[in-house]
Amino acid sequence: MENNWETNKLKRYLKNNLFLGAALGCALVAVIPLLSVLGYVFIQGVGAINLDFFTRLPAPVGDTGGGMGNAIVGTFILVGLACVVGLPIGIFGGIWLALYGKSKRGFYIRYAADVLSSIPTIVIGIFVYVLLVATMKKFSAIAGGVALGLIMIPTVTRTTEEMVKMVPRTLYEAGLALGLPEWKVTMKVVFRTAWNGIFTGVILAVARVMGETAPLLFTAFNSMYWNFRPDEPMASLTVQIYNYAISPYAEWQAQAWAGSLTLVLIVLTITLVVRRFSKRVTYG
Amino acid sequence: MIKQQIQKRNKGDTWFKAITFSFAASIPLLLLALVVVLINKSWLGFSAFGWGFVFSSVWDPLNDHYGALPFIFGTLMSAFIALLIAVPLGLGCAIYLSEISQSKFKEYVAVMVELLAAIPSVVYGLWGIFVLGPWVAKVVQPLLKNTLGFLPIFQGSYSGSSLLTAGIILAIMILPTITVISREVFQVVPHSLRESALALGATRWETFKLAVFGPATSGIIGAVILGLGRALGETMAVTMVIGNRPKIAASLFAPAYTLASVIANEFAEATSWLNLSVLVELALILLVITIFVNGLARLLIWKTTGKLIN
Amino acid sequence: MFKKLGVLMLASVLLIGMAAAANLNGAGATFPYPLYMKWNNVYAKETGVKVNYQGIGSGGGQRQFIAGITDFGGSDAPMTDKQINSAGGDVLHIPTVMGAVAVSYNLSGVGSLNLDADTLAGIFLGKIKKWNQVDSSFPDKDIIVCHRSDGSGTTDIFTSYLAKVSLDWASKVGAGNAVAWPVGLGGKGNAGVAGLIKVNDGSIGYVELSYAIENKLTVAALKNKAGIYVVPSLDSTSAAADGALNSKKVKQLIASGDFRLDLTNALGARSYPIVGMTWLLVHKKQADAKKGQALVDYLKWVLNDGQQYAPELLYAPLPQNIKSKVLAVVEGIKI
């Protein structure tokens, strides 16, 4: 009888170690692709990164010394336009939800934001194409910015709502006690306090839309020049990487890797820094 | 005088409430506009092919004959393969991260899994074309053919651009979702449950099986379905490795096509208005599928953790 | 403080950007894309006018042009009269260069390949499945067919040829911008197909010649109408153009100002059988005077100065006797 118990115990512990070992194995396997992607992007990209890459325009096939300068600037401009569209809706909408959103209306608005966040970005691209490109009769940076802005809205809204809600009620009441009207208290006291958290949410949303390609394919289109008019097509890092990646030219593929390295460095740095300094922001 | 001041103050409040509300309300309005636009633009295609569109396999832009079935097949199959790979892996990771004691190494692993989610899709695609695809064609496919080649899904010629490659890349991309949410779900389980199991002499694994897995089940399912939702809508990485072939094939080694990929490939280049309308119809189908799946997932997760996930 | 700085920067960039804009936007065929990119690069340096051309395929080029979203389109598949009429009738086809569609392949150990029309059609129909069926000395490998996944004029040229020389192909598949391919992987743009061929051992596909050369892919020699196996090259392209231009039908079309010529399967001992023209689609009546003038100047440059850059990228310049007629049509564009 004691023997049974001993072997049973052994079996149980073996099983325990087996499964936990398997769990560890899963974690290690999961990390491999990350290391592979980052590794390849670094090795392949580092060779093509030089000053030309950041400052020059795409060169025709066969010419050397081309770069993605316009694409890098274009990405920043597009993200800037996205913020113009996405931040007001996200932040003010989030504030409304935090203060007045316990009603049925609030439920529906939150639900709509949720649904919006699960829509494939390519579908959003189609929406903006029909709305802006087909009507304006041209591809434009505005269209690209609007598409990216729509993608940003759910993240910014959710973060703003949570951060504003987290500001202690005492702060709010102290402001009221000083005789300020509600809206002033909200903006000058509550919002200011929540701003750090909101800002991190905004930065995370920015990092996410920086990596988007599909919604730009038929809105901002692409360009080979230094072109910063918002009503004209605009180059972006992601679309340029895509075009170069599927091309058969070795120089262009090298540039695709370099572009990927640039993009990944920016996005990962933002993500890591933000997550490091704000454990309060949960998802997004 | 004070009455006037109070009235002014209230007016300010009313304005503020109205302005912020208009911003908030714009969200459901945008959503509505999106649906209306999609239905409007797909009407031409719908009136041409009706409901049969969903079940037809023909994709012939030359003769303007279209059917959605190959794309629905590709979308669902690639997502299914992704789940097959990512669910066990993701759950394993989540178990490791939540059940094994605190250590610096564990936190690094957690961060790395989350970083998988931050890599842009197009970069995954690039890596897929030059690294994953060749590896799948040279290592994975021959291995599968040699061991399980009697199954029709593992037959046919090797190709880096295949349904299998797309499934694998999707698995990598949805792994963080499943891991992070499952881990959250595990940690929400009350400690008292764990402690009672441990008090009875259960091993770590047994504790997990008895005390954590049960209450976490619906949350896990929610995480899985959320991962599915992401996999269904993924565009760029899949487009670059799936082979872009609108035909349903039995083998996983064969190229395929997803709803998102065909839209990305053909939208700017659609050759006729009917072609364009049909692509919007495909977008509508994709929209319906993803909204349904994601809605279900969030419901389950909310039920378990009380939190709303982004 | 940072917010204000950021807003200031954005505003100044936008203002500066407003001043310096790309002047003309075009999109379409990837067939001539390497050459167009070279042209636009040189043209911008010489005149300061920026022409932004994106390769999205001839199908897209036609549609974006008709929808008015681009100022001009690029297409190697000519629009039919029916298509032109349903688009409002105001479409001019201005030929720019000619190029060869190479049948490119990747088969380790095989450095040269001769294909006749029937074998080529058989491969793309999926009837010939393995390389050793083409030639018994070839390895026992599956043939991986690579074709276009987007609407393409290159496809139009290639399938027109196949439809001409193979009844099987003509009845089963047909010719056009986008067809229902019986077998194969789809690549986006000429670049995509070249890329597929490059990474898949045992693959075969059709790409514009310069894509094959730039990508160091091997090309097959095809049997032309005279029964001789010819490799695609600048010479064999020009020879084909000469051969095709000798036909009475073609001469009539040119005389009437219609440049939508089919150059496939041309006569001549040195002619390569799959050769095509590529066109820029422009409106006869230009809506915007400034843009219209810029476009006309650009077209004239393309037809005169631009032609010298064609040979080094393996495109054949337009023959002299066509050029003068095309210039006449360009002059006729109403600004």
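We call the chains A, B and C, going by the order they appear; numbering starts again at 1 in every chain.
Note that in this section a residue touches a chain if its C-beta (ideal position, glycine included) is under 8 Å from a C-beta of that chain, and two chains touch if they have at least 3 such contacts.
These are the chains along with the protein names UniProt gives them: A = Phosphate transport system permease protein PstA; B = Phosphate transport system permease protein.
Bear in mind that the values here come from a model prediction, so they are computed numbers and not experimental data.
Taken chain by chain, the contacts link every pair, so each chain touches all the others. More inter-chain C-beta contacts link the pair A-B than the other of A-B and B-C. The centroid of the Cα atoms in subunit B and the matching centroid in subunit C are 37 Å apart.
Centres computed as Cα averages put subunit A at a distance of 16 Å from subunit B. Touching two or more other chains at once are residues 27, 187-188, 195 of subunit C.
In subunit A, the residues that touch at least two other chains are 221, 246.
The multi-chain contact residues of subunit B, meaning those touching 2 or more other chains, are 129-130, 268.
Of all residues in subunit B, those touching subunit C in their complex are 58-63, 129-130, 133-134, 137, 157, 159-161, 243-246, 255, 257, 265-266, 268-272, 276.
Subunit C meets subunit A in the complex at residues 6, 10, 13-14, 16-18, 20-22, 25, 27, 34, 37-38, 40-41, 44, 50, 52-54, 67-70, 187-189, 191-192, 194-195, 198, 211, 214-215, 217, 313. On the subunit C side of its complex with subunit B, the touching residues are 27, 56-57, 59-64, 142, 144, 149-151, 174, 176-181, 184-188, 195-196, 199-200, 202. Contact residues on subunit B toward subunit A in their complex (touch as defined above): 9-10, 12-13, 15-17, 19-21, 23-28, 30-31, 33-34, 37-38, 41, 88-93, 95-97, 99-100, 109, 111-116, 118-127, 129-131, 172, 175, 179-180, 203-206, 229, 232-236, 240, 260, 263-264, 267-268, 279-280, 283, 286-287, 290-291, 294-295, 298, 307-310. Here subunit A touches subunit C in the complex through residues 59-63, 73, 77, 80, 133-134, 137-139, 221-230, 232-233, 246-249, going by the rule given at the top.
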